[in-house]
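Inspection log for the structure reproduced underneath, given as structure tokens.
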Amino acid sequence: GGGSEGGSGGGATGPAASGGVLRAARPLPSTSESLDPASSLCAYEYLGALYNRLVKQAPDGTLAPDLATEWTGSADAKQWTFTLRDGVTFHDGKAFTSADAAYTLNHILDPATDSPQAAVLSDFLDAAGITTPDATTLVLDLSQPNAEFPSLLVNYNCYVIQDNSAATVGSKGVGTGPFKLESFVPGGKGVVTAYADHFGGAPKLDRIEFSAIADTQARVNALLGGQVDIAMQTNLDVATAKTVAANPTTTTAVVKAATWYVMPMLFTAAPFQDVNVRKAFKLAYDPTELMALAVGGQGTVAHDNPVPPTDPNWLDYSVEKDPEQAKSLLAKAGFSGPQAMFTSTVDPVLSPLAQAYQGSVKAAGLGIEVQTAAADSYYTDVWMKQPFMTSYWYTGRPVDQLLNQIFRSGASYNESMWSNAQFDGLLDAARAEMDDTKRRTLYQDAQKLVVDEGSTISPFFADRVTGLSRKVAGYSEYGFEFDYVNIGLSA
Amino acid sequence: MSSPLDAPVLPTAPAAPVRSPVLGPVVRGVLRSPQTLLGLTLVVVHVVLALLAPLVAPFDPVTNDATSILLGPGDGHLLGTDQLGRDILSRVLYGGRYSLPLAVVAAVVTVGIGTVLGCLAACHRGAFDEILMRIVDAVLSVPSILALLVVVSMFGAGGPVIVLAAVVIYSPAVVRVLRAAALQVVPLDYVTAARARGEGTFAVIRREILPNVVDVVFVELAMRASFVLLLVSSLSFLGFGANPPTPDWGLMVSENRTLLAVLPWGTVGPIVALATLIIGFNLTADGLAKIRGVDRTLVGV
Amino acid sequence: MSALVEVSGFTVTHASAAGPVPILSAVDLTVAAGESVAVIGESGSGKSTLALALAGFLRPGLRVHSGSVRVGGTDVFAATDAERRRLRRNRISVVPQNAGAALTPTLRIGAQLAEALSDPVRPRDPKVRSEAVRLLGQVRLPRPEEIVDRYPHELSGGQQQRVGIALALAGRPDLVILDEPTTGLDVVTQAAILDLLAQLRSELGFASLLVSHDLGVVAATTDRTSVLHQGRVLESGPTEEVLRTPAHPYTRALLSAIPRLHRPGLPVGLPGAVEAPAALAPGADAAPAMTVGELADYDALAEESRAGFRPAGTFTEFGATVLEVEDLEIDHRPRTRRHGTGPTVAGVSFRIRQGEIVALVGESGSGKSSIASAVAGLVPPSAGRITMHASDGTSEDLLVGVRRRSRGLRRRVQMVFQNADTTLNPRRTVADAVDRPLRLFGALRGAALRQERQRLLTGVGLRAGLADRLPGQLSGGQRQRVGIARALAPDPELVLADEVVSALDVSVQASVLRLVDDTRRDQRLAYLFIGHDLAVVRGLADRVIVLDKGRVVEDGPVEAVFGGRNHPVTAALLAAVLEPDPDHAGPSDPEAVTFTLPEGLEFAVIGDDRVDHGEEVWVEPAPGHRLRCRRVEARRPSTTTV
Amino acid sequence: MTRFLLRRLGLGVLTILLASVLVFAALQALPGDVAGQILGRFSSPEARAALTATLNLDQPPVQRYLSWLGGAVQGDFGTSLADGRPVVDVVWTYLRNSLLIAAVGAVLGIALAFLLGIVAGTFREKLPDNVISVVSLVGMSVPEYTVATLLVLLLSVSIPLFPAVVTAGPTASLSELLPAVWLPGFALAVVMAAYVVRITRSSVIDVLASDFAVHARLRGLSTPRILVHHVLPSAILPTLNVVAVNMAWLFGGVVVVEAVFNYPGLGTLVLQSVSNRDLPVLQLVAIIGAVAYVLCNLLADLGALALNPRLRTPAGGH
């Protein structure tokens, strides 16, 4: 498993009184959003309230039981058996059985769903491999070994839905989670109310009212104006964090290393086909400076390793930055620049990041031209098309999924198009290895390859500073986990 | 007193030597109107600052400094620093270098096109006029935000695109205004005289019509330049403006707008710069238009 | 009994960089109750300023420097706002120069009258309304019950002027100020309005102050006259005395500059004001009086005016025909909508010889300008022929538009325009205006160009120093002369002069007219001269064409047309002319040279529907003098009024 | 007069038609892949291709325009590419919201502008005029989001009078929206008034200097009477067209103000739809904008007819 450590600050973490209404502001991904967890346009903030997964992530990054109480893999890492929780009921009163779990996986794999997670799971699993010997057992036969397979089910696309509910789940949101849906308007308001029969205990809150607010500043204004109690999935920049903390009614809490910022260099395009150029681009900058400028130092330096230090499989390895060597490498490669670097307002950190990088590499004689691309076509027209750009991912992906999805040759999200047979081989070997220690070594070797030869610059992991009302208590969030049961209002 | 025909009337003030019949009154008019003087001063100060920015700015506007992030005013940074540790005052001072030429070029191109088409329409009533006005109406009727987003999505951000967007959005309105102004002039005798001499349309426009609508042209230039400045800042707000780290005012405002409550100068500085330049443009144009004889603030469409 | 109005030592100034500049200088003026006083003077002499000051009004920018204006004992400028309002409502009223602009366009006539008749305003009160109707009746408006409900623009200019008078009379004023009450109107309407004012004054007994530069009007309607010049009253006295035996040399010069019907010919003009007057000396209450030298200058001017008079008919050396117009027809209506009334101009034929001035006269809208425009190629004629003959015997067709005429042909026909304000581009200097045709047609450059420009400007009597000025820095007369210089620049053969002096002050129009006369004498220029001032036409032109609704009703040599029995249209035009001379109050005697209309004919009148009844014939009482007549079919009495 | 109105209506229809062609052509030229925009960053290429085919985006543009036009004249504007609902329903939701703030902005803005413009024009070059002129000049010189942000900081964060943003989303009920329309309305009113004040002012000055205003004074009428009955109708006339253009702008150009207040109006819809490449929605929004423009101008013409009797009856004596 993987993940990041929960953290928080301010008075938001004390125990909550029971009862009350939490008003939550959330970003607006699309007006076509849906409550179907498998969908690429799922309404993320609702999922944890409405549904459960088979397994979830513990604060230390290891796997923890959710709807599955136990799981075991065969010695060849090709068969996984999940024992399911008994006595769990859906919001509509029906009992949760292995059929629902199997349906969920089939729904994800169904090409019609076009789930992003299908690409990850379909390498190992197809409908034939999913069997339910009894109501509380789910057996998965993989087409190839994967010792980390259960960690792939932590993904938020893998929330369990009811058998045969594909057509309705998008709007009805029937799950087993601590809250049940009262109303939902895509791109608009939605309300969930406490589900007293939740297997993990009834939530503290009576209800949560979600509203979608597209503009970050508007979300913060709503918080400051007392219209909402929490701005979810909103990283406050340094200045805003100050403003929010200074306001008598609001405070901030920190989610450590919540976002991984990355500058992919297109492996297939000039000038990055040349390993010297890639190395030079990585040697030339100062990650501490980048972190200080882009996120006000609020984060953890990454040293070009995409795996966060909180992950159990993390490799503590870094190459000393050296602008002089970068300069000579560039000269060796015959690169004189300047290099265009794309950024966009899709995330507020991208532009400062690009500018910080631009300023930092001046010492190595590397010229960068920052170009802002339209936010609405950034991920269609620039991403994986332009040689050099800024990008970001939420942390919380298990290491296996992270490396396979974003770094393996030909993987669909391999945004740098990096391709390295040795690296791919290490990943394959790790998947077949059931011994945890040996497997960790393999993953760490793969990380070293990424750092040394990879085509991505990963300066830092940024913490997420969340703004909330001082009334909020029991707030806890890390990775893709949000504690909906214990969050509430202070007495 | 030679002949009574050209004898000056008695009593008479000593005739002031008339040197330049055009510049003289303009200079005198400017000196006499405090608003115009203020406007002109604002514009001149902006132009001078833009030219001399490297000399007067205390810091380099694009050099990041991780050790002085988000400082308040003081300590050598008169207006404080921004998130990347850059001196806000220096960025404000440099800001004119980007916005000023852009606004001027966009305004000149827009008003140029609008003036030529507007005058042509006024001279050639009939089919040409009708068709042109229908097109102008149609373009005007398209919500400008849509036109703007289409242009920006098509061509990306940056200076030339802003000029193009300004032309698409503003020139139809300029055509209308100039056509209306030219229509006041076209029926006058001196235009008839020129046509009776057999002068070509462009000669008539250049020699007879244009000099008499320059006040309108001035006002339009100032107005469109202001609009472009505001457009650039709105575009930056929407993420289509200048490329960072250009010290553009609009970009600065949008970069620093979250700071408004804690470090207001990051936003207030560029807004003051922007507003003073716009006020300067407008006061100057109003003043010049008034000196040129007609107070036609009325011709805004 | 003390005077109704007492103006004493009244000086009005406007601020300038050099100090206060006087607009009125130590003016003294009295108006007794019931009296009619005239203020005359050139344009800009301060007549309107003085008149409006009696109502306690100064235009923005002007202020009282010294002296006072008392009306019925109240100092109007010392009075409070409320007192002044009361004064304006009850004692003094102003009849505007241009009632069309002085009536609020968005209010019905009835509402505007109600404002003057009731306080607080009760527009719907039937009593107020019937009073309004009565007032409109009093100013002789037909169907006043309908007119109260109309908006100003739904009335003709003459009717608007009557409404203006009604508004002025509503408060039963003691004094009515008439600021050029007829200037904007055509001669016939003007006569009617003046007549009405005279009648009303004898009915109601109010005093009046008439501002005018038209001495004919003054002579006909006022008891006393003050002559204003540069804001100073030069002389005052009984009107008859002032006009007959003016005491001041300036008045003499002014009076002799006016062309008169009974003494045909061209007088010498006055210079006309250009330069701004000097600022007041510190501590002075008014501008200094004229010096002895200045008085002597005006004396010399008056003397020159008498000696320099150029009687009509002294030039007869006409050359070959230059322009020939035959059966010209002009239709302004779009080709697709030509039903109803006929074309604007139809069946017009005439010819002009070298050195000849042919005048086109007729009421406003009769098509005079349209004909000139067609000759200039700016308006396409719908039928007929226009031909330009050259001295070498060749001729060219003028039917085509100006763009398709050869450069040579464009050079030979030039235009001079009516309005001195719009004839020159206000943004281009005098030199620019004259140079343009020189470059275009003469291909002159550099020194040759400057020399030729110089020659032209001197030729039209303009100092060399004026070349660099903008039109705004010239007087109206000077501007008009530049317009003429521009037309003469390409060395034309035919000049189309459309109302070239109508907008000018009488005092300066004389010099422009002499200029026209000079050029035809010296350069044998042919002129098509459009005018509505018959005294001017009589003094200048050789032949006259009288138009009515686009048709020629009479044409012939000036002496014949002005000296004999006329077509009723011509007669109406002549009857409306007022002479400033108390001895020659009316037009020349229509019965002086008589002729009898042949049996069975009557004068043809162009009906409003422009459909001709009966067969038309031309009657020629003398060689070259034609009158439009038609055969009487039924026993229809011949029409003599229009 | 009816002829005049009919002509204006005819020209209006022509304008709208022309605008629809222009917009359609421009939208065709937009780069980017509709399906990719709709399905998001994490969609598969196959799914995108399939969607392109279902949306008929592979047909030639002329044919698509004609079939769009065919539908449009029957009131069928197609379905939204983004969420599959009928475009009319989608747009109506946002239009309703826009109408709310446009109404607040227009009423407040016009009232404010006329009032200030008349005061400034009447007291020309005196203190009230100077103050108003400076304020309006500043008003038109600062970016609109500055005005909006200041309003939020002032009237919602510092003094919590109004909600800072709309939390209810596009389909919010009227009662949810009503408290939230004021701040955006104020912001729009301020932006709009800044221009109209200046025009009203100079128009009032012009009219006050006209013969009829001077003569009304010479007839001894009181100042309020002169201002209201004689000056006002003529002074407002030349501002009508500017007001009309500004009102039309309220229907589509207020995206920045909407963004600050998270207000779900047409501007937001345009922004979303451009990013989604939701052409049918954009096309309808453009048509609505054009209709608004034409209607506002028509309204201005009607206003001119009401104010100016010269337009009602052709001039001419009797």
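Should a chain be cited, it is by its letter among A, B, C and D, assigned in written order, with residues numbered from 1 in that chain.
In this text, a contact is a pair of C-beta atoms (placed from the backbone, for glycine too) under 8 Å apart; a residue touches a chain by one contact, two chains touch by 3 or more.
Only a predicted model underlies this, so the values are computations on that prediction, with no experimental measurement involved.
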Chain separated most widely from chain A, comparing mean CA positions: C
Computed distance of Cα centres, chain C from chain B, in Å: 45
Averaged-CA centre spacing for the pair chain D and chain B, given as whole angstrom: 24
Approximate Å spacing (C-alpha centroids) for the pair chain A, chain C: 89
Rounded Å distance, chain A centre to chain D centre (Cα mean): 41
Multi-chain contact residues (two or more partners), chain A: 217, 374-377
Interface hub residues of chain C, defined as touching at least two other chains: none
Residues of chain D touching at least two other chains: 31-32, 149, 259, 274
Touching pairs - complete list by chain label: A-B, A-D, B-C, B-D, C-D
Chain D-facing residues of chain C, complex: 52, 55, 57, 60, 84-90, 93-94, 96, 98, 101-108, 111, 115-116, 121, 151, 153-159, 167, 171
Contact footprint of chain D on chain A as seen in their complex: 23, 25, 29-32, 40-41, 111, 114, 116, 119, 185-189, 211-215, 217-219, 221-222, 224-228, 374-377, 379-381, 383, 412-413
Contact footprint of chain B on chain C as seen in their complex: 18, 230, 268-279, 287-288, 290-291, 294, 297, 300-301, 304, 376-378, 402-403, 405, 407, 410, 414-415, 417-419, 422-429, 433, 436-437, 440-441, 461-463, 465-466, 468-470, 472-473, 486, 511
Footprint of chain C on chain D - complex, ascending: 209-222, 225, 229-230, 233-234, 307-310, 313, 315-318
Touching residues (chain side chain A, partner chain B) in the complex: 216-217, 220, 237-240, 242-243, 246, 288-289, 292-293, 296, 343-345, 351-352, 354-356, 358-360, 369-377
